[in-house]
Amino acid sequence: MANNRTFRGGVHPLHEAHEGKSPTSGVATRDFNAKAVSIMMGMHLGAPSTPCVQPGDHVKLGQVIGEPVGFLGLPVHASVSGEVLEVGPVQSVNNPAAMAVTIKNDFKDEWVELHPLGDVETCPVDQIVPAIKAAGICGMGGAAFPTHVKFAVKEGQYCDTIILNGAECETHLTCDHRLMLEKSGRIVDGLRAAMRALNVKRGVIAIEDNKPDAIEAMTKAAQGRNGVEVMPLQTKYPQGGEKQLIHVVTGREVPTKKLPLDVHVIVLNVGTAYAIADAVIEGKPLVSRITTITGKVKKPSNLRIRVGTRVEDLIAECGGFSMDREHVGKIVLGGAMTGFPAPTTRVPLAKANNGVVVYCAKESVEPEETPCIRCGRCVDACPIGLVPFKLKFMCEADDMQAASANNIMDCVVCGSCSYICPAHRVLTSAFKAMKDKIAAEAKKGKG
Amino acid sequence: MKLNLSPAPHVHTNQSTRTLMRNVLIALLPCAVAGVGFFGFNALMVLVVSTFSAVAAEYLWQAATRQKVRVGDLSAAVTGLILGLNLPATAPLWMVAIGSAFAVVIVKGLFGGLGDNFVNPALAARAMLLASWPQYMTRWYAPAGLAAVDAVTTATPLSNPGGFTTLQLILGSIPGSVGEVCKIAILLGFAWMLYTKTVTWRIPVVMVASTAVFSLAFGNNPLTAVLSGGLLFGAVFMATDYATCPMTAVGQIVYAALAGLLVAVIRKFSDYPEGVTYAILLMNVASPVIDHFITRRVYGHGKEAKNG
Amino acid sequence: MTRTLLFLVSCVFTQNFVFARLLGSSALFDEDRRVETALGLGLVTAVIMTLASVGCWALDRYALTPMKAEYLRVLAYVAVSLIAAVLVGLCLKAAFPKLNDALNEAGMLIAVNCAALGVALLNAEAGYGIADAALHGLFGGLGFMLAITLMAGVQERIKYSHIPEPMKGLPITLISASLMALAFMGFMGIA
Amino acid sequence: MAKWNDSPLFRLALAACAALVAATNAVNGLTLGLATGCVLVLSGAVAALLDNFIADEKGRVVLFMVISAVFAGIAQMIVKAVCGGTAAALGIYLPMIAVNCLLLARPADENGVGPAVSDGVKQALGFICLVTLLGALRELMDVGTVFGAQVLPKGLQLTAMAALPAGGLLLLGLLAGLANLIKPKRSGKEDEAA
């Protein structure tokens, strides 16, 4: 079925290799309970929580081990039952000293006392958002923005559409795909809970048309649920970006420096909706998620892992590297377009890490950056309509005024420009650095 | 196990500057073969000298200014070959070498190398050669296969329209520059570049169409106008030079339309029979202004931002 | 009608005031002039040049020739073009103050007077009547506008080029002007 | 004269650029250079004398322009009388000195006649050399002679482009680049002091 719903720009990474998803898109999810987990306190956007357990304590599955701090704070829960080995800094993906609680798993999976709210269609509406906060739910797509804050609709604002992001436009990742195949009913429950909590009439589940089986499963699950519809979208990266989804599904554009709520839309990842359903129906906190382990591993697979599992345990579970250890070039948490390279294999996974991809040395060699030939491919690829090669010149000249004047702050750091550039110029990370610099400057100016 | 920590994105397109330039070179081959076929050994020497002196000039320039020598990206070879295809087969080889050196060093090198020049190096060099040695640049061979050695000044289709049948115009058995005569070779090259997505269709098609329309308006036969002179070659290989054409699709259409108009005006009113070189040069000069005014709307800006 | 059109093309392209006659070329050397300002300045210069052409023609016709004072011509023409520039400057100050500041910038002031004086002298030399003189002033001014607008665009374009250190600033602008002059030569021979 | 780059080298090149169309051979270059030099020095001196009357900067530029127009008129007559042929060749660029020499001068400084004249002479000499050199080079490349004397073998024409403004601009640009290469460009302020 020809589907022309798409946005301007965008690229097709690894299109010839079915977006690098073929090794795991057909592999059923299986549970994996590691022997020890290190649950970090700063897994969500906002101030890290403060640990409230000491080494030696015995914790139950789902017990609060970190108190929320500040407006964006979220409680952190134990993802396994067992004994707390250590409370201290661990090496995380982008923070060498991330405070974490390490727990030795006693494999009893003894739940702490839970308070479910019952069925999503009948449970009391005003208790849904507090339950979401209590469950420590944040965006699972990669942004890790606390969901209860996203649901905080200020007066004068209203929301008329909730979009579930099932696009999964990143390469290699198939966790959302598997979740939609295996837990389609529970995802729709989560969407309904969110719709009732915010009194929203329309819920749209957007899925890229390279996952026809997921579209079929979700359409069947959405039958008869009022206000829920499934919308297939053309496969193109970054379709799953918040701004692109809102534009394609509702035709609206989020004005610059504004939030989706300003155009009356809220975007949730399907994984987040599933976590909401767990929290409402069974009262369970966010302690586990599906993650895709693929690339140069013997048995690429989708694992339902406990939050805080270390990369080395995941790789061991998938039969270890499929090549000599010395030839491994890079281990990336997330997809190829926005994933973070892991410094060591002892790095624990956070709530928003949706994949571990192992690259061989040849694949991870950075191609040499050659002069820009102004071919305009990056301009065509930019989904936001910026002019990346000019912004790069401004970043090289460290010209902050010119960069802001050319709307660098609107860049969503999706990676399309760096991907498509034939001269292999480093664009996306240069823009990220410049954006952080401008933001820091603005905060310093205001602070 | 030493883990590489280079930032996202971790995959890249397999295209590189080198593959793009190689595709252009491949696209130029048919024209070169046709040119040598029609104009013989001299034409081959012109092409060889122009390509190699361009590459040598770039090598010397980058070495002299202590930059990393990037002759491998074949951009100098493309500039040299395109210039060679733009010259008459009778061109003296010392002049061809000077033209290539001018293109690579003055027009490109002085501005900062690949991508930093604002006019097409081959075109600027051709204009410089025409201004410096007009007598050598307007002597055309009558195409007589490999035997064509004596330089005879015959009229080109532009200077005596109607003197050649349309079939001759298409096949290219007409006097003219080495690369611009055989239209089939040009179209073959254009097809290859479209197939490998090296260039978009916009600029060549709009430019040729606009030339035809304005030629008709000025009372010339549009078909001969399109098939004669350097129009097809210029529109396919020179007007689509990345660094010198506008960035946005609409900008490129305006650029190509105006270029077509200029070709018609120059051919109709000015002394020079061939307007393509100057039309494209002028539009190269105007392209920054086009890019200044015709820009893409950024997502979330402007009045459409609110409710789409 | 086509004679005027050809005259327009000749003044704007073939005998462009900045690239072919190099009158007012000092206007080219302001690196951070925006394209819009260049357009404004160009229009203002066109008006000044037209005023100067008509003024000088009238002065010549009614004052200099009867008094056979050709030697005073240079002084008189400079005075007229200055007056024209000041007059336009005054009404500009009210309407577009920002444009007025750009006009009174060093390089621009000299360029405008240079162009105005140049067109007046050319009119005298070619013995144009009032209509042709005015047209020459106007079309010459449009050519001037096109030249400085294109140069402003080119400056913006090569702002981030990796120009070798000794070539930065004036030398690269001269080379750019030379390439642009080369492009303008395509219209050689029109009228 | 704020933002506009103010180093003497910059002003010299600018004035030479305005004289490019006329200075297509050595003789024209020299004549134009001498005429402009004299007008510059004399106007500078007279302007400095009358300086204390006019306060604001724009007024001073107008004053300078009027004075140089007078001297330019006189210079035109002298050149026409002395060598009519060259005067005809220079065409309107001879009277254009009235405005062009403003490029060379810096009427803004108020420190009396002495420095104004010395600065004027320095700039004038620089201008004469530059324009004559340009004229000679272009003549050499165009017809192979310098000051009319046959240097290159007869009939060998290097490049006809040298006589055109495009060629002149290119030559001047390369010369300016070379000058920067030999004497690395100091910032604007430093030049002011030199």
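A, B, C and D are the chain letters, set down in written order, and residue numbers restart from 1 in every chain.
Please note the rule applied: a contact is a pair of C-beta atoms (placed from the backbone, for glycine too) under 8 Å apart; a residue touches a chain by one contact, two chains touch by 3 or more.
Nothing here was measured: the structure is a model prediction, and the numbers come from that model.
Participant: Using C-alpha centres only, name the chain that sits farthest from chain A.
Facilitator: The most distant chain relative to chain A turns out to be D.
Participant: Any idea which chain sits dead centre by C-alpha averages?
Facilitator: Here the chain at the core of the arrangement is B.
Participant: Suppose each chain is reduced to the average of its Cα coordinates; what separation in Å results between chain C and chain D?
Facilitator: That pair's centroid distance is 19 Å.
Participant: Between chain A and chain D, what distance separates the C-alpha centroids? Give it in angstrom.
Facilitator: Distance between chain centres: 68 Å.
Participant: Distance from the CA centroid of chain A to that of chain B, rounded to the nearest Å?
Facilitator: Centre separation, chain A to chain B: 47 Å.
Participant: What is the distance in Å between the mean C-alpha positions of chain B and chain C?
Facilitator: 32
Participant: Quick one: which residues in chain C touch 2 or more of the other chains?
Facilitator: 162, 167, 172, 175, 179, 182, 185
Participant: Could you list the positions in chain D whose residues touch two or more of the other chains?
Facilitator: Residues 164, 166-167, 170, 177 of chain D touch two or more partner chains.
Participant: For chain A, which residues are shared contacts with two or more other chains?
Facilitator: Chain A, residues with two or more chain partners: 371.
Participant: Determine which chains touch and list them pairwise.
Facilitator: Pairs flagged as touching, ordered by label: A-B, A-C, B-C, B-D, C-D.
Participant: For chain C, which residues are in contact with chain A within the complex?
Facilitator: Chain C reaches chain A through residues 160, 162.
Participant: Which residues of chain B touch chain A in the complex?
Facilitator: Per the touch definition, chain B meets chain A at residues 1, 3-13, 15-17, 19-20, 70, 73, 75, 113-116, 242-243, 247-248, 295-301, 304-308.
Participant: Going by the contact rule set out above, which residues of chain A touch chain C in the complex?
Facilitator: Interface residues on chain A, with respect to chain C: 371, 390, 393-394, 396-397.
Participant: Sort out for me which residues of chain C touch chain D in the complex.
Facilitator: 19-23, 25-26, 29-30, 71-75, 77-79, 82, 104-107, 109-110, 113-114, 117-118, 121-122, 125, 165-175, 177-179, 181-182, 185
Participant: Mind listing the chain B positions that touch chain D in their complex?
Facilitator: 106, 110, 128, 131-134
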